[in-house]
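Labels A, B, C, D and E are assigned to the chains in the order they are written; within every chain, residues are numbered from 1.
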Amino acid sequence: MIPIQRTIKYESDLDHAFREKIMSVQGCENIWSCIQCGQCSAACPLSIYMDYTPRKIIAMTREGFREEVLSSRTIWLCASCYACAAYCPQNVNITEIMYALKRYAIEEKKYPKNFPIPELAKAFFTYVKTHGRNAEFWVVFNVWRRVAVFKLLKMLPLGWKLLTRRRLPLRRDRIQNTRQLKTILSNLNGEA
Amino acid sequence: MKSFEPKIIGLFCNWCTYLAADLAGVSRMQYAPNLRIVRVMCSGRIHPEHVLWAFENGADGVLIGGCHPGDCHYIEGNFKNLRRYLLLKRLLKQFGIDERRLRLEWISASEADKLRRVVDEFTETLRELGPFAQEAPLFQAAESPSPIQKSTLGMKEED
Amino acid sequence: MAGRNGDLPRIGVYVCHCGTNIGGKVNVPEVVAFARTLPNVVVAREYKYMCSDPGQLLIKEDIQKLNINRVIVASCSPHLHEHTFRKATLEGGQNPYLFHMANIREHVSWVTDDPEKATEKAKAIIEAAVYRIQFHEPLESKQVPVNPDVLIVGGGIAGITAALTLANAGKKVYLVERESSIGGHMAKFDKTFPTLDCASCILTPKMTAVKDHPNIQLITYAEVLEVDGYVGNFTVKVKKKPRYVIEDRCIGCYVCVENCVYKTPKYPSEFDEGIGLRKPIYIPFPQAVPLVAVIDPETCIEFKSGRCPKKCQQACREVVGRDAIDFTQKEEILEIQVGAIVLATGFQTFDASRIPEYGYGRYPNVYTSLEIERLVNSSGPTGGEIVLRDGRKPRSVGIIHCVGSRDRNFNPWCSRVCCMYSLKLAHLVRERTGAEVYNFYIDMRTPGKGYEEFYEKLLHEGVHFIRGKVAEVTDWTINPEEAGRLVIRVEDSLIGVVRRIPVDMVILSVGLEPRADAEELRRLFNISCSAEGWFLERHPKLAPVSTYTDGVFIAGACQGPKDIPDTVAQAGAAAGEVLSLVDRGFIELEPNIAVIDARKCSGCHVCIALCPYSAISFNETENVAQINEALCKGCGVCVGACPSRAIHQQLFKDEQIMAEIEGLLMVE
Amino acid sequence: MAKKKVGFYWCASCGGCEEAVVDLAEDLLAALEQIEIVFWPVAMDFKREDVEKMADGEIFATFINGAVRLSEQEEIVHLLRRKSQVIVAFGACSHMGGIPGLANGVQREQILDYYYHSGPTVETNGSVEPDPGITKKEHGFDLPEFYRHVRALDQVIDVDYYIPGCAPPPAIVKGALAQLLAEEPPPPGTVLASSHALCHECELNETKPAEGIRIKEFKRPHQVEKIDPNTCLLVQGLVCLGPVTRGGCGALCVKGRMPCTGCFGPLDGVQDFGAAALSFVASIIDSNDPHEIERILDEGIPDPLGTFYLYSLPKSLLFQKLLGRNGKKVAESRPRKEKVEA
Amino acid sequence: MEYFYYPGCSLKGTGASYEKSLLEVFALLGIPMKELPDWNCCGATSYMSIDEEVALAMAARNLAIAEENGRDVIAPCSACYMVLRKTQKYMKEYAHIRQSILNALKKAGLTYHGDRVRIRHPLDVLVNDVGIAEIRKRVQRSLNGVRVFPYYGCLIVRPKNGFDHATYPTSMDRLLEALGCEVIDHPLKTKCCGGSLTGTLEEVGMRLVYILLKEAKKRGSHAIATVCPLCQFNLDAYQEKVEKIYSESLGIPVMYFTQLLGYALGAEDSHLGLEQHIVPVQEVFEMVR
């Protein structure tokens, strides 16, 4: 049997404060200017994989479809190439809006589980915060160790090639003045 | 205490900046209410005395608005104003007055947005500078005329 | 203190609510109560609409019953209603210049958030007016005669319409056109929306009428160089470029063109938007007015090398017997005197190569809409046949709307005609080729008589309408269906899916924008442009064809994007304004001129070089400077420089300005 | 007819104005037939007590030169005001503040410091500074207060007439005396000199070009190799303030081929001499390029304050609120706050 | 003009040959450049998804260090380049960010004024400061006949108003032409290479890589020129995998523009890191040797 679903949206289902929240983020101010022309979606190299096109994400954000937006795959598929922002005729910085939505999704633990993209972001974040620099090997290692260990095996041949071409240093590079970096990061407003 | 609200006298040319102010109104742009506008036909009409008079009567800043170079309704009245303005600025500096209190802007009839920006910016600058009356040490009133001397004269104080 | 006429000032202050425009923000009763406390104020009143008849009557009655001799109206900008209230003051029996206007709408209620601050500011402005008006004195305005001749700049449909209207009313009209023929953009179109009238069928008779009209002097291939003077009496210098063909002798017979050493046309034709070719000597199009050949010195061999056999000249002389070709022709400067000017300089289309993603200039089968207009035109280079550059007929055609319009990266405005002309082109393409036609639009905008009906007609013709702004036109193809064609990538935003649509021809519906030289022209005629660069009208609703420069009017798309019906209507309006100006025969000048008090003048010469109109001269016998009232335009530059305070400007005396400043600063 | 009693007094001045009285030479003797000098500290031995003993208004006219900066000067001019029917401000210093008035361009503390401590010729042990707090009764005197500002005479007391000039030339003084003693003296507030600017009487005025004056470069006298004696100095680029300065001196300086510096002050109706001077000078600069204008000013007018307010700094509009202004002119420009009956 | 070189993490790892060739090219052109002392990660794009302020603060530390020494910074990695510029812009435009970060920097003994150093991409410096004409003069070995597919990737021209057009840049085209290359015009110049998706969502990432490689092949390219370590890595390291997935042989060398430039300027192969590529690149130069 074909499952039938009601898709009507009631005002009480929506979070009209959501758009204000997003608009208050730096870079996301222009949400109101969107004329829903869809050029962002057409310019996006990844929109064809998204559950909602970027244009729809803007419309939904504006109308308070908070749950749908934060749990969508769209925001995680965004590769941050800024094509949408470059094309947008209304100077809506869609990429920054995607970033803001990603942050909220993480904050509210709405992102898809075992989805490697947010995991990569988090692994990267943790590593760099302590070392000051990224070590590509270790970050990737940490992601897949958590998401799907078997993937690591599949990566071995490429890893070996890179290693032999001196393109995959295994050392855990770090900056000298980590204390300074730590002081900076612990004194930001957002940090405790 | 009420925070300091600077008073700005705008000496605006009839054909450009005054119209920009009209346009700002028509476009419902909101800007600092500190500006008070005097209309002159051309910025070239403005005499340094008008500026000094404004300061002397309590203005904290004077904004002269004229047409862009090359756009003057009277060919080059705005340049004549520019010459006086540049020399007057030097004079104010010698008086110990912050030269930012006198500002010349070319604002065309269509540049309502520029007018708004300039007025808001200027108001902000003047807020930082504080009241004109308190600024230059040269103009600080002290004991003069001194009350002691008057009493030794045995005279009634005159107003 | 006593005014000059010896009477004590008795001031009436009238504060306007302007509906809620002022009253909604400014506490009018409080302001009125305040005004009553000001020196010499005899009466202060408020009224809903001061500019209405009952509002004006208040003033007149107070003048008569209360002996009011100074009138202040606190309402809108003097640019709007100063005239109205001066007239009321006059009708009440006082000199109209004993009036002053306090602008508490544009400068207060409309721009101030906080009602309290708005009220304070309004008080200050009224106090300033009260201080100022004590120094007002009765003045006489002067009348100067108006030259009834008219200059029209631009020979498109706007200029043509205005010229014919004025000429039919018996006015002498000079029509200056930059190109070698009048007709403008409209002459290039095949059909006009929504009626699908043939453009040349309705335009050509008008062009001919211009040529034949005894009151119109047509000056083509010419540009305005200099404009001097003022409303009623302009002196205009016009540069007539050499066309190397003597206009009076040429009969437009094409013999010279046929005999040119170039056997076939080689250079892109400007009129055909480069779709067709022309020779170095050419007539832009068969219906050109004047129908006169022109030589392009950039491409003519004679001008490039000086070694052309000059067969054109020979043919003209020997075959036609006109000897109209003159390689030595020089540019000519004409000087004309007119009383009014109409600017109808039109628009230019957006340069599509500014959007590289659309491939214009890179892919040969991407066209601008104007190119397609020539392509579909039966008198165009293909005789109206719609073919690609390689001669193939397109099987599918994409029309992209809003190219360069509604885009803050280029022009933020809606160009207003593109939806309709895109529909027209869609219709013509579909009709003539049977191709699949895709319209890519952001929003369909078809307001206008019969326009929505036209849209509906197109829906029935099986044309695709895809709502989405195209991101790119590309030759990056991914399947056999696309191979060798152009692919349009767009989100079909009504469905929410990204589509790739292969087409053979892309039409870019380029928007309208101010001409590149609009800024130059604006300066020449001393008018203003809006922030976008369109000529600025005096009032968007009430004075759409006037400018802030008296005597200079605007018509057509130089003021903003417009279709043909609106352009023609505006041209008629401009002609009407001109008639009302020149038929009155005189204009009244503001008495804000500078006056020298000979008793105080020391003859120091400082003012003389400052006057931009050479209105000041030195009287050797009296040893004083003197002002020629007729030449003085009232800028006040000399007043600001006079070291002896011997010059004052009426209506803007130092006492008045300084009292106003003082008054503005009285309210805390 | 009884001789009219006349007094002379000097405040902050150089003494040149006293000299100007003596410069009347034999005319002074003629005048003495009509007047009797009852007070003239610089020339004759009168004491303050002598004046105090007089009845109010006993003196017909007192001529006061010099600006007011010391409490002592203020005391005496108030006293003289009471004792005199007419007060005449004599010379540029009492008229407008004069050269001493330039001191208002510097803070009082700086002046004291320079004179008593840091000046290059001062040898100091660090403690010498006049202190009005010290009263040396045993010597029978006390020190006057050194006010923060220099004031023109009419910023201290009401003044009836002004005799301009630094110093007033004999002809002006003579003419002024005659006018004062005439049956119908001029209206109070009159400046007893020409009502036209200097150019009006200047012999070089006719050398100005008919098309007006345009200046590309201002020069100071020492920068000009040779001043052309037959061409208007302003036209030659010298900052001659003749156009803005009241005439009456016969263009003496210009005759000596030095530009007018404005000692006769502004014409009637001009509120601020410096502003008016600045405005006309700036207006005739022949350039529309801000950088070029700046350069012209840099090179030609390095000290606008000193140039335009050489004699009138205390009377500048900017000092008016602080120091007071000529009462007559204030009344003229301010509308009266009177209620009229509706 | 002396510059600071901000390598970013990639040029010390997968982008090693970019670093080598870049340093070589600048040395050959005599442009002094030294590594920014104790630089740290720019904050990178993934960071923005977790905590933007932290990301900006990290970038700001680099800016502050550069400013201390008053030199402009050359950031060859497009992501670093974009993030550093974004940080400058945000610090200028948003008071709350500026205050927070300045305060944090201050606590760590650093200051930042904002307008003293500029962030430059080496392509910008080479094309606009050194100039195409100058480079043309310096060419020792022309790359005549080498058909190059210029690929800019996304971030070097994003967001708008950088040194080249945001969707259809041409700087590298002009530079490569000056070296004698035959430059292929194509519409994919700024199409995303997949970025980090190649490592996370393989099927999507590989498709994006394939699109670029396929188009380069279709247009007869001998090589792809890149300006970003991530683009180079994706197109080079995953080429074999893409060939497998789409059963199509590609074999297109993917080089840094600095390698082509270095070769033309006469650098030794070993100074350009040519051997570090997975798809061999030597044959490109064999064509012109």
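Note that contacts are C-beta pairs under 8 Å (C-beta built on N, C-alpha and C of every residue); 3 or more make two chains touch, one makes a residue touch a chain.
Remember, it's a predicted structure, so these values are computed and weren't measured experimentally.
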item	value
Common touching chains of subunit E and subunit B	C
Subunit C reached from subunit B - shortest hop count over touching chains	1
Taking each chain's C-alpha mean as its centre, the one farthest from subunit E	D
C-E or C-D - the one linked by more C-beta pairs in contact	C-D
Subunit A and subunit C, separation of their C-alpha mean positions in angstrom	49
Inter-chain centre distance, subunit B versus subunit D - centres from mean C-alpha coordinates, in Å	29
Averaged-CA centre spacing for the pair subunit B and subunit A, given as whole angstrom	51
Of all residues in subunit A, the ones touching two or more other chains	43, 87
Set of subunit B residues in contact with two or more other chains	47, 49, 53, 76, 80, 84
Sites on subunit D at which at least two other chains make contact	276, 279, 283
All pairs of touching chains, each written as two labels joined by a dash	A-C, A-E, B-C, B-D, C-D, C-E
Residues on subunit B engaged by subunit C in the complex (per definition of touch)	7, 9, 15-16, 18-19, 21-22, 24-26, 28-31, 33, 36-42, 44-47, 49-50, 53-54, 57-59, 70-71, 73-77, 80-81, 84, 108-111, 113
Subunit B contact footprint on subunit C (complex, rising order)	77-79, 103, 105-108, 110-114, 117-118, 120-121, 124-125, 128, 523, 526, 528-531, 536, 548-549, 592, 610, 612, 633-637, 639-641, 649, 652, 654, 657-658, 660-662, 664-665
Subunit B residues within the subunit D interface of the complex	47-49, 52-53, 55-56, 69, 76, 79-80, 82-84, 86-88, 90-91, 94-95, 97, 137-146, 148-149, 152-153, 155, 158
Subunit B-touching residues of subunit D, taken from the complex the two chains share	71-72, 74-75, 78-79, 82, 104-107, 144-145, 147-149, 151, 156, 271-272, 274-276, 278-279, 281-283, 285, 287-288, 290, 293-294, 297, 301, 303-305, 308, 316-322
Touching residues (chain side subunit C, partner subunit D) in the complex	1, 8, 10, 39-40, 42-43, 66, 130-131, 134, 599-610, 616-618, 623, 637, 640-645, 655, 658-659, 662
